[in-house]
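In the two complexes that follow, chain A is the common piece, with chain B as its partner first and chain C second.
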Partner chain A sequence: MAQPTAYKDRQFLAVIGDEDSVTGLLLAGVGHVTSPPDAQKNFLVVDQKTETSAIEQAFDLYTSQRKDIAILLINQHIAERIRHRVDAYTQAFPSLLEIPSKDHPYDPEKDSVLKRVRRLAGE
Partner chain B sequence: MSGAEAREAVFPTRQVLGQMKSKLKGAQTGHDLLKRKSEALTKRFREITRRIDEAKRKMGRVMQIAAFSLAEVTYAVGSGALTYQIQESAKSAKFRVRTKQENVSGVMLPAFEAFQTEGGSDFQLTGLGKGGQQVARCRETYARAVETLVELASLQTAFVILDEVIKVVNRRVNAIEHVIIPRTENTIKYINSELDELDREEFYRLKKVSGKKERDAAAAEVEREAKKSNAQGDFESQMEDEESKDLLADEGEEDVIF
Partner chain C sequence: MTVKGYFSLAQANFTSTSRQRYGQDYYDERMQASRTVMIGQNDDEVGRFTMSRASAENGTKEGSDLPPDAKDEDERKEKIDPRPVDPISWFGILVPPALRSAQSRFVNAVEGSIPRVATLAKELRTIEIEIGRARKAIKKLDKG
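Now for the complex of A and B:
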């Protein structure tokens, strides 16, 4: 059950995405960097060279460690790379959202939440 | 505890029977209420799943438009400089969400609400040289896209929470329906049978006792009868003896001297 304390302080969005998605979302004003001593960005740019372990690490950071993130946006093709982690994630907070990217059109069949929706809707 | 014979370990008395009956009644009321709650939540849940489906499709379209407007910006400004500049100048989030709660049949569903903080953007100078208009438009488009995303996120959160709550409620409903109610009914049945057994035992005992008493009484009667008939003879002969005696005559009684 979600306790009020579990989401009271959550007010940021976090992004794990390719360069274009991150740029666009930052332009909308979601970017946030915590104050200097341990400056943490709330976005991660992933490209072909980024290690999967780095993505997983960021995923962990945004989902379990940071308590100020309400929504985690992740590009679907990046979610594919850590699919087992995404599928295993069932917490309510932060809520995990798979978003399409420019080069990878949105495929509802792969979305882990939508898969659950479909299953429960009995389709 | 399984099977039809499962029952609670109680001592079969009338008091416990009363307790079990009220427990059964409470369980049935609770079952009805929980069932209704579960139905209300499921209705809500279906609505949310439908809306998620819609919102996901909408998001696909919105993100496509946003990506296109970003492409415009990249074309106008020149790609390398822009992304780097934006990523480095992001300091404090202008676009934030706050959560509010909605009560659905006693379940608190959080809903995100996007809001923009006061103060200028971090990207005041972006596109200063060229493409400023495109940048502004792109920012607008992305802000709208993010709003859609926030909406979708709150639906999704509600979905996750409702899913969990419905599972818990259904588990309770089933537990009451298939475990608690049958068990209480079995207990009541057991107590009733035990009480009946006791009643029968008591009845049998009473019958035995009264039979014995009757037998005793009959025997006593017979004995008395016999005694009586015996005594009749004795009495008559005695009467004859006694009558011959003078009642006032002192039979060798000593004189009382005061």
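Now for the complex of A and C:
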């Protein structure tokens, strides 16, 4: 297994998003399924029926358990559902980015990165 | 953040013109990534993200100055087996132009904005830590 610090092994872009976001990113060729029997995907399609616990699980999988993820993209409206986890995230890798989705306009006020910038500049 | 523009544009385009739903029902269960991330390291310990591309859609377009049979070709074959296919083929042979334009927009985002923003976020993180340290140092001086 890879060391947590071995950033060179981090090569995949993972995504937690609605179907269109995931489809678009997979069209760009970032999708990856590891070889069986594990067959782990680097994406999770989330809809209204998806349990928040499943989102959290995927978040843990991509940020903590797997050591081969370099960037994790999450739709902002999904990040909202696990906001406490996203805001508390401080690891260097994977880099966590909130992205807009078709149905939910992007709100910079909610973005964890921009919130941190504000905190830095504000105080 | 240009990611926004790319994405909303791509997605609007994507859904408005296609009658059929191009979605998860068609995903290839054994897909292999043809675009992967490389994390570089520069002097200030800040990771720089770039995308690298395995010989995927157009086979020969990969790499700029490497001969096609260079040794990293072999490495790549080891890593990516079976050879990645263009994901657009999951959706059939004749796909609407909108789907192709969605693909190219997402490719732009994945190759351009996303690694750029990831790099910036990383730099921000580093600056954040530095500011935190500086503030602490100031507090100490104030007390003393």
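Definition applied: the second predicted complex is superposed on the first by the 116 of 123 C-alpha atoms of A that agree within 3 Å, B and C clash if a C-alpha of one lies under 4 Å from a C-alpha of the other, contacts with A are read in each partner's own complex, and residues count from 1 in each chain.
Keep in mind that, in the parts below, contacts are C-beta pairs under 8 Å (C-beta built on N, C-alpha and C of every residue); 3 or more make two chains touch, one makes a residue touch a chain.
These numbers were taken from a predicted model, which means no experiment stands behind them.
Partners chain B and chain C, once the complexes are superposed on chain A, run into each other and clash. By the touch criterion defined above, A:A70 reaches both chain B and chain C. Shared contact residues of chain A, touching chain B in one structure and chain C in the other: 7-8, 10-13, 19-33, 42, 45, 70-71, 73, 90, 92-93, 95-97, 99-102, 105-106, 113, 116-117, 120.
Chain A contributes residues 7-8, 10-13, 19-33, 39, 42, 45, 70-71, 73, 90, 92-93, 95-97, 99-102, 105-106, 113, 116-117, 120 to its touches with chain C in the complex. Across the complex, chain A meets chain B through its residues 1-2, 4, 7-8, 10-13, 19-33, 41-43, 45, 70-71, 73, 90-93, 95-97, 99-102, 105-106, 108, 111, 113-114, 116-117, 120-121. The touching residues of chain C, when paired with chain A in their complex, are 3-4, 7-8, 10-12, 14-15, 22-24, 27-39, 41, 47, 49, 53, 56-57, 84, 86-88, 99, 102-103, 105-107, 109-111, 114-115, 117-118, 121-122, 124-125, 127-128, 131.
Residue ranges on chain B touching chain A, taken from their complex, read 45-46, 49-50, 52-53, 56-57, 59-60, 63-64, 66-67, 70-71, 74, 82-83, 86-87, 90-99, 101, 108, 110, 112, 116, 121-123, 126, 135, 138-139, 142-143, 145-146, 149-150, 152-154, 156-157, 159-161, 163-165.
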